[in-house]
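Order of writing sets the labels: A, B, C and D. Residues in every chain begin at 1.
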Amino acid sequence: MPGNAIGQVFRVSTWGESHGMALGVLIDGCPPGITLNEEDLVQELKKRKPQGKSGTKRKEPDIPSIMSGVFEGKTTGTPISVIVLNKKMNPDDYTHLRDVYRPGHADYTYEKKYGIRDHRGGGRSSGRETVARVIAGAIAKKVLSLHNIRILGHTTGIGHITAETFNKDEIGNNPLRCADKKAAKHMLDHIQTIKEEKDSVGGTITLVVKNTPPGLGEPVFNKLDADLAHAVMSIGSVKGVSFGAGFKASTMKGSQNNDSFDSKNGHIYTTSNNAGGVLGGISNGEDIIMHVAIKPPASIGKEQKTVTRSGNPTTLTIEGRHDVCIVPRVISVIESMAAIVLTDHLLRQKINHLV
Amino acid sequence: MPGNAIGQVFRVSTWGESHGMALGVLIDGCPPGITLNEEDLVQELKKRKPQGKSGTKRKEPDIPSIMSGVFEGKTTGTPISVIVLNKKMNPDDYTHLRDVYRPGHADYTYEKKYGIRDHRGGGRSSGRETVARVIAGAIAKKVLSLHNIRILGHTTGIGHITAETFNKDEIGNNPLRCADKKAAKHMLDHIQTIKEEKDSVGGTITLVVKNTPPGLGEPVFNKLDADLAHAVMSIGSVKGVSFGAGFKASTMKGSQNNDSFDSKNGHIYTTSNNAGGVLGGISNGEDIIMHVAIKPPASIGKEQKTVTRSGNPTTLTIEGRHDVCIVPRVISVIESMAAIVLTDHLLRQKINHLV
Amino acid sequence: MPGNAIGQVFRVSTWGESHGMALGVLIDGCPPGITLNEEDLVQELKKRKPQGKSGTKRKEPDIPSIMSGVFEGKTTGTPISVIVLNKKMNPDDYTHLRDVYRPGHADYTYEKKYGIRDHRGGGRSSGRETVARVIAGAIAKKVLSLHNIRILGHTTGIGHITAETFNKDEIGNNPLRCADKKAAKHMLDHIQTIKEEKDSVGGTITLVVKNTPPGLGEPVFNKLDADLAHAVMSIGSVKGVSFGAGFKASTMKGSQNNDSFDSKNGHIYTTSNNAGGVLGGISNGEDIIMHVAIKPPASIGKEQKTVTRSGNPTTLTIEGRHDVCIVPRVISVIESMAAIVLTDHLLRQKINHLV
Amino acid sequence: MPGNAIGQVFRVSTWGESHGMALGVLIDGCPPGITLNEEDLVQELKKRKPQGKSGTKRKEPDIPSIMSGVFEGKTTGTPISVIVLNKKMNPDDYTHLRDVYRPGHADYTYEKKYGIRDHRGGGRSSGRETVARVIAGAIAKKVLSLHNIRILGHTTGIGHITAETFNKDEIGNNPLRCADKKAAKHMLDHIQTIKEEKDSVGGTITLVVKNTPPGLGEPVFNKLDADLAHAVMSIGSVKGVSFGAGFKASTMKGSQNNDSFDSKNGHIYTTSNNAGGVLGGISNGEDIIMHVAIKPPASIGKEQKTVTRSGNPTTLTIEGRHDVCIVPRVISVIESMAAIVLTDHLLRQKINHLV
């Protein structure tokens, strides 16, 4: 079975290449009766655009067109097709890369897999494909909002600099979406230094989901955390994911890591949240907390060693329109993937209540 | 869609509860002509059994019976059903847990999800379900061995103690399957201390897959690393997963993290492996390297605070047959899940070569 | 993707060979809280047993064991595994068929597909596999009964003899389950004649589903009639299926075939039912009516021409325990497949009602 | 799971409404390296256009645009998105139908299912959706042609007039694609009469697939005939489907219906083809033969009785641009659905050959 769809009930398929005609997404299984228009999508796409000075110089307008599945402003239950035409393709910029494997990119592996590849800007493996994910995420968020479920991602690290404090209001105040004002300043300075070095830098993101009802997740293989990990790990730059106490849980004792249950006014809750909101693969009603490791962008201006298709050594300097740091842009993609998974599970859970 | 199956082409479904009649696995899509008998399964099930003194006292013989899909010692391409009868059920041991939510367990969430739960030993959420996974993994490993693909997991941390050296031959020499002899000794001592405290402890595992051909993985959602993360995160005790440089990649520069390509005798390879063997979600022919965080077992002898089903506060002391540390046992489960994913993708890749 | 599962939400997987250890079915996605015990299954299995004198002499007790997914008499939402051990295997009876392709059977095609086959009684292609379908159907019927949906199949033709009248009460009065008393007698006589000729005979069945709520079916590919056709055509002996006016609709004018809408006390209905209860692939609340063509059993005592595996001509006389006419037995299988499809769609429709 | 996709490995998703912006199809899993351009699609779309005088007056140019998945004239293995913009929408023509349920159409059932419907020309339930199917079929046919598999549909009946002879060369000589010259003339006359009556008429189609290799089909539920029946029954106007001897097989004896095996120059074949090319759900190498019943179009100029949304009786006369007889147009859709199923199974069968 091919791999360009995700979700079982809220089924999202993406298509399109970086320098092809367009990018698009097809959503099958969106419930009927949801109000939806293109402005809803534009708002989310804005969050994915380059923030501040760390981003690519390719300036795509990213205008989404809803082609089907919406009638008189409401979803009809039929497939929703959304298209974004590519406007700023410069495929000729990539002619010199036709026979060279860029380090850290998927050039070599696509060729090994398919025997053929669209070398223009990475083709299908480009980060530009995430436009389609963010559109689907925007629609998923509309479904989740009917249940008051909210998703918030923020930057917790850039290179070796980590956020030490959490002030939610600060997130909107800096282009990195970091909740620690002081750290954010250091991070921005660091990115500037890296830029001058013609290099790139990675970082970490934490995602918080609030108001998830208990009961979402389908053991034993489609557990909520397993499906979230799958969805987020499918983003090109992600190299690691953990929940709640995460890798720290591996150093803890059971008596430290277990979250005690308590109750108040008939509502049962846990007094700590090392589990990150998921027990046995099912949401327990606490905040879902996920940590994500983002690698530095592979395209850098520094000279790199590599080989050509025929195995001959060569060097490569990428002068294109690339990002120094994509962490803030990836936040919107991670939020979108989480929204898709949560919507899917919200709908799947309906099946467990027959009568 | 329900969640008890994994794999698209090599399709594995598990069933059974900890204190029910049996555990079982159904495999649909195993290629015909593979030699297979019950002894193949017994060998892998042994690796899952309690190792040394850290394990549960429940001693199940775990005798697998192949009920279908094998004829005259070879798979026929039809579904393979394997059953393991439960022998050592003590369901009455759990009567006092009928109305209590154990911290760190899925009692509360199963009840919220299904409105009903089998409280005997965690029912379906028990680690005992992994017997079925290991059987499927054993069959997957037989498929992989035809392609010389080998999977090796080893313990890299127990609590705060981490392996500092890697000596492959050492792995078989200690019950923890740790490649650092000195660290292994410290780890065993630490586990003994934890046991005396009536507590439990977590750890970390690294998985290495050798000889994966380049080209496995189905972008953009069924990427090889995404599917591996999904499969491994579906194991009850796993709280985090990363590939190659993993979370460290988030602190690196692109020039450090990118793996340069080189070639030798016409064979193209990378001179480092920060990617962990996967580029753009597709295997690149290098070792696949995955790191996994294991939480401490939730069942501990220490007294814990919790609530009853009706929300009344109570305390709980678990006297049952539980593990102090399950890291070495989880290795076999992680290896099995990886084997299932790799077999699935090995078969899926065949579709990309039409003529 | 392998083919031994059906249903998206109510997911049914069958396994087992005619002369293997057992037959079994795994159901994932059955809603929790349904009362279920083995006696429920036994009742439906009885309907599948040879009726009167037309059936096989293999007398299997068909005792189903529920191995998982039921706790204290109720389904728990976890996978339900049911096993029926084979007791009356005579694999040696089939040794002479190891290298011969029986006409009308799947011997040749299984070998071409898999390169290997279990020749004992047809292995997986045997009608015995339908034991697993009937068990799943029995569980599906329990779900449907909560919504008062009822399924009734009856014989409408045996060979050239067709039922001309419909008296529902008559169905239970004859072993053929024919609603026309007079025709039933002729049919039984005809079967006796065919039996003496050492031949076999086919027939037709009509299935009626009552009380299906309007709205079931998922356009444009998982339409209710498409999924029913798929499910019923997957039964070995079925060669054709049609709905409502069926093939007669092809000879009609639109003004004759269209069913007019009318209403009574606020309830909208159609004044005729040429559509067979499905409009645009979605149930309209009228009776679902399906007609099914059953071929004569392929195993006959008469001498037949065929070839061996190496292509050498030979003759074949099948002396085994086979049915002269399987129409009445197939009714229970068709009912079961319909019940599985309807349960699946009943659950899938829940997803269209979000809030 | 939603229902707008078909195929497991060659995965086809359609979207779009009759009077929406566009119709489209997304194909995931097309093998890489297939030559493909828009002219390939135009050729197949022509066959779907109204033939002669029996068709609708809506004249859409149906210009397909390949938006992704093709690079330098070849498929790349990534998703192929094709779009056809609607040009001749007259949504206002349908305003009077907003609150009326047309007999024989899906107006009532879509509203019952989704609680909302796009009333313009049937929205998603319109025959116009089949544009997307024919495009996917065109691509599937390109894959099949690499294996020399050819699909041919022809008209065998219009109303009560049936073809009595088969002359393959005649099929291209008349707009009905009927292989019986004399019958074709009668059929055309009949259609003219029906047109003058402001009525519509149904018919039958036979589909023949040549050169299918033995071994395609995935028992026990994704049998080749079951999947073909499913795919064809998902077409709006189809009410019945049968294979080989079909409904006639139900009147036959086993000795008549069984196809004897013989061999010639080492090639094994059957001396008759009552099975229609499928044994035990797997292709046997003979021609696949399928018969399909097409109902008369529901839209007629004659006055019909119906009710409004609120249940009030009313009459309806449909003056729109509708077809009198769609049989010849449906041939191309049936061929397309068969091509999709066969391509899917051709690819699925690759998995059964591991090494």
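List of remarks:
We take it that contacts are C-beta pairs under 8 Å (C-beta built on N, C-alpha and C of every residue); 3 or more make two chains touch, one makes a residue touch a chain.
Computed from a prediction, not measured in an experiment: that's the story for all the values here.
The chain pair with more C-beta contacts between its two chains, of B-C and B-D, is B-C.
In the Cα superposition of chain A onto chain D, the rotation angle, rounded to steps of 5, is 180 degrees. Inter-chain centre distance (chain B to chain C, centres taken as mean C-alpha positions): 39 Å.
Averaging Cα coordinates per chain places chain C and chain D 26 Å apart. Spacing of chain B relative to chain D, judged by their CA centroids, is 46 angstrom.
The set of chain C residues touching two or more other chains comprises 1-5, 8-9, 14, 29, 32-33, 77-78, 113-115, 124, 219, 352-353. Taken as a contact graph, with one node per protein chain and an edge wherever two chains touch, the assembly is complete, since every chain touches every other chain. Looking at the complex, you find that chain D touches chain A at residues 1-5, 8-9, 11, 13-17, 20-24, 26, 28-29, 32-33, 65-69, 71, 74, 76-81, 83, 113-118, 123-124. If you check the complex, the residues on chain A that touch chain C are 1, 9, 29, 31-34, 77-78, 143, 146-147, 219, 347, 350-355.
On the side of chain D, the complex with chain C involves touching residues 1-6, 8-9, 14, 101, 103-106, 108-110, 112-115, 124-125, 129, 157, 159-160, 194, 197, 199-204, 214-223, 225-227, 229-231, 233-234, 236, 239-247, 249-263, 266-268, 270-271, 274-276, 279-285, 291, 293-300, 302, 304-307, 311-313, 348-349, 352-353.
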